[in-house]
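Next come the structures, one after another.
One chain, chain A, appears in both complexes that follow, with chain B as partner in the first and chain C in the second.
And then the complex of A and B:
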């Protein structure tokens, strides 16, 4: 009843709210409470991390820790900025590798997904399973042989080489995503294009790619996040301080003797490292959700 | 009109580059890898070298736990740095695996090598050959809070000389000072405890880690006594409860709260406490044994060595010899309040204002380091026999069962 009463003022909004969060007020409150609780759980680590990062280093190391800073200080951020080769070196390396990973990943996954979704290939499902099979092998087991091979090919200690490794790790998921994205596009569009005389490359470029943008963005986003956060192969494949990526700096910057942790520097590093991920996610989130729904309902 | 000026600028740059080349034509750049926790000390030494040599050295920091993996894969691929600085405890495994270059000829002819702390000379020897030497040492000591000693009615200038006294003092602090604890150790950190509890055992006469499947392990006086002492203190609430779950992350932070009476720690704690917690009045003492005069310590820190296949091995050897000279030891390390690896320089001009450094530096001379293969499996790993023994004995209270289980597990590892 209340909803209807309010509805006289702003009918559309009230109707929308009542549909979105339940019919009656108690349910709405319950849903609201659950949302607040979930958001609190998800946000707490980030907020606490941020609060710890702006404490003076000595305060951040306190045990048991305090929740709120007693004094504000940027010394943890300065430590991260000035650590060894300097933050910009690590950031630019990470961005370069992530960008290369996205490019190579899309260059391979888009045609592969298109082929698997739209062409008649003998034993198609077998090929598909073979392409997905690497997901089942823990990648740590692949690193040493990969490193030895790359080293002989002159690709060790190069950002292109590292981006190739990240692509290898990311490719099965990307192909899977792209196949779903292409399969969710109605066949009628493809047939209409064919009738108008377009070749399969033209169809891909002019019909499929614009429609598959959400899937492409999702694949790119995942490739970015995977590459940005990847630690072990970045450490094994790179041999110079000036070639290292952000995750390696993060592990080194917090290190004290015998495993003791510089919590302030660690949290400052974490906050800096998540910024690009959050930024890109916020910019692309509408595509990202759409990409995941591709092929969900056929 | 813009083009000519651009060309002129380019030409000027090119000419200046040509002008520089003759001076730097023969200068090389060496690469060194150092583990993260000692990279600060290594950087001081490298800066000093770079300021006085044409050939430069470039430091790359490797996260502590990844050094073994990183070096192993690099040696296999033949893509190694010219120098490497790592935890000396891994020396036996690396020498045995053939990862390091034989430096016997150079080092045995160098008069400074004989003055390097014995622990480093022992650990860097395999089959009668020398593969490295001391670089940036550290050593375990007993850290105690003088303020809490005073509040508990103890003499702040008389740290415990035996483990019996240690237990007595710790209990007294817990009883007399509200909110304070007598003792602290990181209960889930194998490395921390081999560093700080093991010297109390071997100082008393124990043999801890076996070198083969039938060599003595966890034998002799000290093992049972130290574990019993820790167990009793834990049971009596003298050790804070947070000790049980500490994986080493709070190894330094807990003492810095000012509520801990005593803790086994390392020389590195002095600089850190002075910088971050000037309000804490702390003392440094050797780690005690069962009887007076059995003090000992664990010599840790980094060795320096040349990996097999290094491109600039000759220059790297020069650096290793240079860093043992008086100049490098004093101006590179002691001046920056880092312990010198040469025992004869423990009492130096830079440590005069801070006698706690001299106590620590002298501990390097009397300390030991266990010579063991598979050290990681025996001690550092999350479920190593060494750590399991401490946890079972102290937190579960089964001292004898814990020692026997550790002995069996260590023998199995040593026999591999």
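And then the complex of A and C:
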């Protein structure tokens, strides 16, 4: 959790705040208590969801509910594993779409970022604005024409089709990140390569790519999380039971059989769905926060 | 121009991305505009009918109700997100271990899906098995577990609580970055001036954070105006269609009633509304070409 500070940290700042606040001991304790309270409130839904998911199914639908499980069971998880086409089908759908989204995003954004950062291009800023168009036009509005085109092209219910839609969402951010990443690499390195007689493509591969790895990781990370979590277009484009992604599977888990919600299985599903995002966030927080602060408002 | 571009090596690198945007964003946009002028449905049709869909949209009470509800949701949740986000940023801006951990925890829900978080809260709010309800009863705020999703206002509050939990870390982290850069630059001067903490917040931190607050507000407003997942999952548009948002109503028309042409007209109207906000956002951020 410390990395979230490293992206933004300015060691001086902390002192200033504390000294300027003229913090006496009681105030420090109060601030500490508020922090603990806030953290508890924020963690509670996930922790309670997890605790419900490891209750036996009967306990999970018991009313009134209990905060803590009285007995432990993996029953709910087994149910999700065997849900309809099987959890593995849905996980692999989601993973494949996310992987394709990452690949397409990088395949488009790395060259585009390189071109924008390192070359004189006539009307460069016009092209840049066009590349940012998806920021101005909500993708929600484009789903109908895309759906019609994809149906004709056989891309409905296809992983590739959904990945294309997810790429629309992520492309402006990805290009913006890669452009910044390439702009921050010193000119001298490029000059040296030119003297060696390398083509621009070779320079990109041998010099720029290795130095742009943090940017690439950030782009991939955001593409994964956006794709893994995206709901509306998955709902529209993946309408066959076997092509559902995990978020759509969760909605069907809730719909359950005979109209009654299987609460334990639903919470097990939710925990499975959020686990990859939470793990990635904890492991790659540095990249995530850097990308977040660069992309969102700068 | 074409010749200059052909000679430009850099343009070749940008071309694939441009082609993608052309094919997957600009071309569909053109198709959308055309569709909105036809009576296309998933079942057939496709006759050119001019502006009939738009006229219908202006007379469609359900559409106005959805738009109005979306606006109400946006006006309701935005001040909460910004105010609470800024308060949490002030709390966690100092880089002490406890504050850093708190910051990390508050941000955590931002990375999980709105689908997952909505289902989590749908369960927490349930009258029979919901622990949030139980908690409210246990601390004496409610006499008995409430039914949250049968009244539109209650449903709005429930969705707002769940989304606030989900996205509050977004604004917080941006504000923390803003506050820290202010403290780094101005801190010294402010210290010499004296003044207590709240004066510093009011006279220094808040005014200097205005740009970032405005940008975050815009991002948040756009997000709320396009809300779909949370209402689809938590309310299903109910009770009696009172909690349909604009996007939800467009989805409903296009993919449930198969009125694609009409849905396209509604999409265009929504796009124009969003365009106002997103242009200001792009203009305010450094992404604009002048910088």
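A few remarks follow.
Here is the rule we go by: the second predicted complex is superposed on the first by the 215 of 298 C-alpha atoms of A that agree within 3 Å, B and C clash if a C-alpha of one lies under 4 Å from a C-alpha of the other, contacts with A are read in each partner's own complex, and residues count from 1 in each chain.
Criterion: contacts are C-beta pairs under 8 Å (C-beta built on N, C-alpha and C of every residue); 3 or more make two chains touch, one makes a residue touch a chain.
Values in this document were obtained by computation on a predicted structure and should not be read as measured data.
Once the two complexes are overlaid on the shared chain, A:260 sits against chain B while remaining clear of chain C. In the superposition on chain A, A:24 makes contact with neither chain B nor chain C.
With both structures placed on the common chain, the touch criterion links A:122 to chain C but leaves chain B unconnected.
Touch counts on chain A: comparing chain C and chain B, the chain ahead is C. Of the two partner chains, chain B is the only one that A:57 touches; chain C does not reach it.
Once chain A of one complex is fitted onto chain A of the other, the partner contacts of A:251 extend to both chain B and chain C. Using the contact criterion defined above for the overlaid structures, shared-chain residue A:202 touches neither chain B nor chain C, since it reaches no partner. Touch criterion met: A:84 reaches chain B, while chain C stays clear of it. Overlaid on A, the two complexes show chain B and chain C touching the same residues of chain A, namely 61-64, 143-144, 147-148, 235-236, 251, 263. The touching residues of chain A, when paired with chain B in their complex, are 57-58, 61-64, 84, 143-144, 147-148, 151-152, 156-157, 235-236, 239-241, 244, 248, 251-253, 255-261, 263.
Across the complex, chain C meets chain A through its residues 1, 4-5, 8-14, 16-18, 20-22, 24-29, 31-32, 35, 88, 91-109, 111-117, 119-124, 126, 128-131, 134, 145, 165, 170, 173-174, 176-177, 180-181, 183-184, 187-188, 190-191, 196-197, 200, 212, 215-216, 219, 222, 226, 228-229, 232-233, 247, 250-251, 254-255, 260, 263-264, 267-268, 270-271, 274-275, 278-279, 281-282, 285-287, 289.
Residues of chain A touching chain C in their complex: 1-2, 4-5, 7-14, 16-22, 31-32, 34-36, 38-39, 42-43, 45-46, 48-49, 52, 60-65, 67, 107-109, 111-112, 114-116, 118-125, 127-138, 140-149, 164-165, 167-168, 171, 175-176, 200, 225, 228-232, 235-236, 247, 250-251, 254, 263, 266-267, 269-270, 273-274, 277-278, 280-281, 285, 288-289, 292-293, 296-298.
On chain B, the positions that touch chain A within their shared complex are 31, 36-37, 39, 58-64, 66, 69-70, 73-74, 76-79, 81, 138, 186, 189, 191-192, 195, 242, 247-254, 256-257, 266, 268, 276-277.
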